[in-house]
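Read through the structures below before going on.
Across the two complexes that follow, chain A remains constant while its partner is chain B and subsequently chain C.
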Partner chain A sequence: MSLTETVPQARRRDLRIPLAVVLIVVALAAPYIGSRYVTHSLIIALIFMLPAHGLNLLVGYTGLLSLAQAAFFGIGAYTAGLLAVNYGTPFYVNLIAAALVSGAAALPLGIPALRLRSTSFVMCTLGFVIIGQAIAKNWVSVTRGDMGLSSIPKPYFELGPLSFTVSGTTNFYYLALAVGVLATLAVWAIVRSPAGRNMVAIRENETLAESLGVPTWHYKLIVFMISAMFAGVGGCLYAHYLTVVSPLTFQMYYSTTMLIIVLGGGAGMISGTVFGSLLFVGLTEALRVAPEVRMIAYGACLLVLVFWFKQGFAPLINRFWNAIGGVK
Partner chain B sequence: MNAHLPLLEIRNLSKSYGAVKAVNDVSIHIDRGEIAGLIGPNGSGKSTFFDCSTGLARPDTGTVILDGQDITGWSLNRIAREGRMLRSFQKTVTFKSLDAEENLVIAGQMFTFPSIAATFGLGKLSRSRIEGLRERARELIKMAGLWDVRHQPAGNLSGGQQKLIQFASMLMPEPKLILLDEPMAGINPKIIERVVDTILYANKSLGVSFLVIEHNIDVVTSICQRVVVLDQGSKLVEGLAHDIIQDQRVREAYLGG
Partner chain C sequence: MLSTVLEQVVNGIVTGSVYAIVAVGMTMIFGVLRAINFAHGEYYMLGTFGAWFAIDYLGLSYEASIIVGVLATMVVAYVVGQLVMSRMVGAPAESGVLATLGIALILQNTVIFVFGGGYKFFSGGYIEPISIFGFSLAQQRILILVVCLVVFVGLELMVTYSRLGMAMRAVSQNVECCEVVGIDVPQVVSRTFILGAALAALSGVLTAPVNVSVYGGMGELITFKTLPIIIMGGLGNVRGTFFAAMILGIAESLVATYVGLQFRDTVGFATLILVLMWRPHGLFSTQARF
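So, the complex of A and B:
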């Protein structure tokens, strides 16, 4: 008989709630704790977290590797920018419009692309980013070509008699945080629903799912559109934050960044995407002040991932979370 | 409905892969409540016949009529969902990173939720539907003898245990007809008995009809009333199991193949 059987394991205190409280307080007080530059970095992380959430639904849950997120991000940014510049519409209108236009654009793109097998699908989605950039460059009458849209107004709200403008880094941070939290909850709701279970079934074995009555083609198309909507919301925040949108918003670098967030954070885990955004975008943005170190740190981080954490960081986070909860 | 008609009727089905005539003008029918067998040497077109009947592959010619309805050209998922004709695969497949219970819940979802949109719901109705599926899943898991391993990822289980998960999954949606592709291949004799028992239970108590591809001739004679023999894509003979195994042509086909 071993010792562990006779001696009851002292159950450690559950530290999860205190930690969660600390994290919430830090998130809320961040602009007052760190410098303006830290706040800026966090905003960029929150903006990129949105397309990454969408991508996680696609790659992590449904098993479809896509490089098209930057295209839908760009479409969302242009939609919000054009509305704000031309019509001075309130922020929430721009946000909803960006989501809807990006989601709608995903329909005609997804229908042919999703018929392709894995590698061809990836190549096809890469094409969307290039096409998006070409359209943004050449549809001059609407997009103003290479000049892009500039002086996009600050987010503006109109709630009944009340109207206000979100100005300043700190206020924008709270807006981005609110959108980020809502989006995270939306992803959580989707993956917890029966549809989320069907998505995982498609990832695990598409033919088996199909043979059990799951219309896999419809689900893949719907998830592709939902993921584009998340990217569109991110694009809207991006346009309002940077106040400029140019054809360069459609760039492969953004798609790969979003992919690194998802895979590095831990595909198929929501906490992974949140953590990945902070690590890969927030940190690199914060390290911009030290350009010599920045790319080296980024590269080192990726190497560590590839060699030691093939599943991304999320399993590590989960283990830590369980450990402080006194589980096992 | 249409009680006098056969449950499944397949007429003149043919399918070629390049120069290979995998299935050549085969017609069969399955009666209500029947367990029928489909046998034949390796490469005789049995799996291809399944693929073409269930919508996984498109037949070149032929008609598939299920319960009086022409379902030729329907997709695999639609035949499963609307036709309630399910099939297993020769190569055992499960959702490997999920446990037995989740595997079975997935199998029942599309038969419980009325639309794709409804599956995105998280409300009370959605939760109670899933709870109902979980209860049914647990019953079937118990019956399949998988209770002790129900929390293990399916991919960690033995081939035989995965076959049982696959089989139990097909019972989730209250099917009319199940097509089994070599349910006994590569599993130990103890599990063979359990699979046989489960097939008989599903047939007697749940009223499910079966068409079973099987190389184990003892199993075929013990559960099947009628047997169809395929050889090189064509139907060789059809008859009662006991007569078939005595048939000279069948013996030659197996020895020659």
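So, the complex of A and C:
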């Protein structure tokens, strides 16, 4: 044995599987552990996690700062609400329709918007939210204007002869959890695929990515549409949970909330978005802060994230994963 | 028929003057910082609230309340400038967007938190109408027009001849070279920012008697109207901003009359998107400066 050989350090135990088991148990038992109010907060957090996942694909992986997420959230909410109120369609039909309509709306909006860069792109996407709100207010024959859609029925499923309705906070929590888990897995699949690596290449250096044969334009457009689909799914859950959709679903405050979730959790990190939505939405809901105080806190969060914590909680989350994964 | 159109055009010019005074500050701030100030409308709101506070709580006259509103806004702008805007020199565009969005949230909701979210009645101002050339026009509107002209002539002179104006133009061209020749860039940025915020506040105080109501969320709408104006005018272009504001003001007023009041507030963003598509460097600049 030579003297230069270092003594291998003792590996710490890999605690990832036990942790996953604990997390799954907690997630499943949450409605029974916490109060009704905690369950409600978790549902809101899960609803906002969906558009945030979409935004993370845009901001975190492709490097496009967009404020349009609230517009697609609103389109999804109106699509699901209108279908449920007018035709009484089952939940999964509403969900798929909301995703498809939002995604389809993103195509004509994305083509002009994505020609722009940085600040111009931000302003253009902000315009979509404002114009979306104006349409929701003024297309009275469909959206019922300022009155909005009310008494949207509870989500129900119809499988052949079987049909059941999801009612009550606890049951809705499981529905939101299921959708949230599926969405998270979908993001994971996208990010891990070669397409996900191309997205990161576009984020890091678009010209270089283009020169290496990545069709950057198509990538950006498709990611924009996928992110809108995620927002649409979130909007569908939102409409069914709150049972009311008003033109105020299109508001910049929602876009800001989604941005804070993504940047706070750590852009370009799936666990960051999950953590961020629980922290920023769940916590503020559960603490029942007055809306003004909450928005002041959001504003302060944005400043802190921009200047002092550029990566949000990502370094902390990374360290945590490494620690429990047994990596020194 | 013709007189209604003319009346709407005159109204549009007054509205345009209001937008112009706000937008010129924003475009100058863009010039030195290369960042769109999404919080700019909030200074308009702060000015109005300062004046409203001075009239309702301190019992001051409208003239004094103008000074109170503008000075209070300048103090806030100084603090924000020192804490936040100075960090934005040379930072990527995205962080500027996020930071100013954060400031907008903080300013707007602090005011709502302190004074409540409801509409407040603004009692000051010169609202008696007088008639010129057969038009009846409130005195306040004429005051707005006059102030707008004075502000723009003053700014043209300042940007062209004064030391600060020349420094501003230098910073908007090349930050590094300014540092090499000894221009105090953070100071120029800070002064430009305070000047821009003060102009927004002035515009707010002057408009308050016409709008009558004052509320915490009013700044956001102004920000949304200012964005298309500064893009149309060509970012950093003072003269272009003036004409763009007039175009938007007149367009809004005509749309409100002939299409429907509810569509007035979307004119701006529809214009913004169209201009960004076809002339991203603005209607008046011959080439993109930024």
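The rule is short, and it goes like this: the second predicted complex is superposed on the first by the 299 of 328 C-alpha atoms of A that agree within 3 Å, B and C clash if a C-alpha of one lies under 4 Å from a C-alpha of the other, contacts with A are read in each partner's own complex, and residues count from 1 in each chain.
Everything below uses one rule, namely that a contact is a pair of C-beta atoms (placed from the backbone, for glycine too) under 8 Å apart; a residue touches a chain by one contact, two chains touch by 3 or more.
Because the structure is a prediction, the values reported are computed rather than measured.
K.L.:
On the A-aligned overlay, A:T207 touches which partner chain: chain B = first, chain C = second, or both, or neither?
P.N.:
first
K.L.:
Examine A:E292 and indicate which partner it touches, taking first as chain B and second as chain C; both and neither are also allowed.
P.N.:
Second partner only.
K.L.:
By the touch definition at the top of the document, which applies to A:S193: first (chain B), second (chain C), both, or neither?
P.N.:
In the superposed model, A:S193 contacts chain B only, not chain C.
K.L.:
So in the superposed three-chain picture, is A:P215 touching just chain B, just chain C, both, or none of them (first/second/both/neither)?
P.N.:
Touch status of A:P215: first partner only.
K.L.:
Does the superposition put A:I130 against chain B (first), chain C (second), both, or neither?
P.N.:
The answer is second: A:I130 touches chain C but not chain B.
K.L.:
Which partner, chain B or chain C, touches the larger number of chain A residues?
P.N.:
C
K.L.:
After superposition on the shared chain, which partner residues are touched by A:G88: those of chain B (first), chain C (second), both, or neither?
P.N.:
In the superposition, A:G88 touches no partner, neither chain B nor chain C.
K.L.:
Common interface residues of chain A with chain B and chain C?
P.N.:
No residue sits in both footprints.
K.L.:
Inside the complex, what are the residues of chain A that reach chain B?
P.N.:
Answer in residue numbers: 189-190, 192-195, 197-198, 200-201, 204-205, 207-216, 218-219, 222.
K.L.:
For chain A, which residues are in contact with chain C within the complex?
P.N.:
Residues in contact with chain C: 65, 112, 115-116, 118-120, 122-124, 126-127, 130-131, 134, 137-138, 252, 256, 259, 263, 290-293, 295-296, 298-303, 305-307.
K.L.:
Which residues of chain C touch chain A once you look at their complex with the stated criterion?
P.N.:
On the chain C side, the touching residues are 35-36, 84, 87, 92-99, 101-106, 108-110, 112-113, 117, 220, 224, 227, 231, 260, 262-263, 265-266, 269-270, 272-273, 276-277, 280.
K.L.:
Any idea which chain B residues touch chain A in the complex?
P.N.:
Checking each residue of chain B against chain A gives 54, 56, 75-78, 80-81, 86-87, 89, 93-98, 102, 105-107, 109-111, 113, 116, 119-122, 126, 129-130, 169-170, 172-173.
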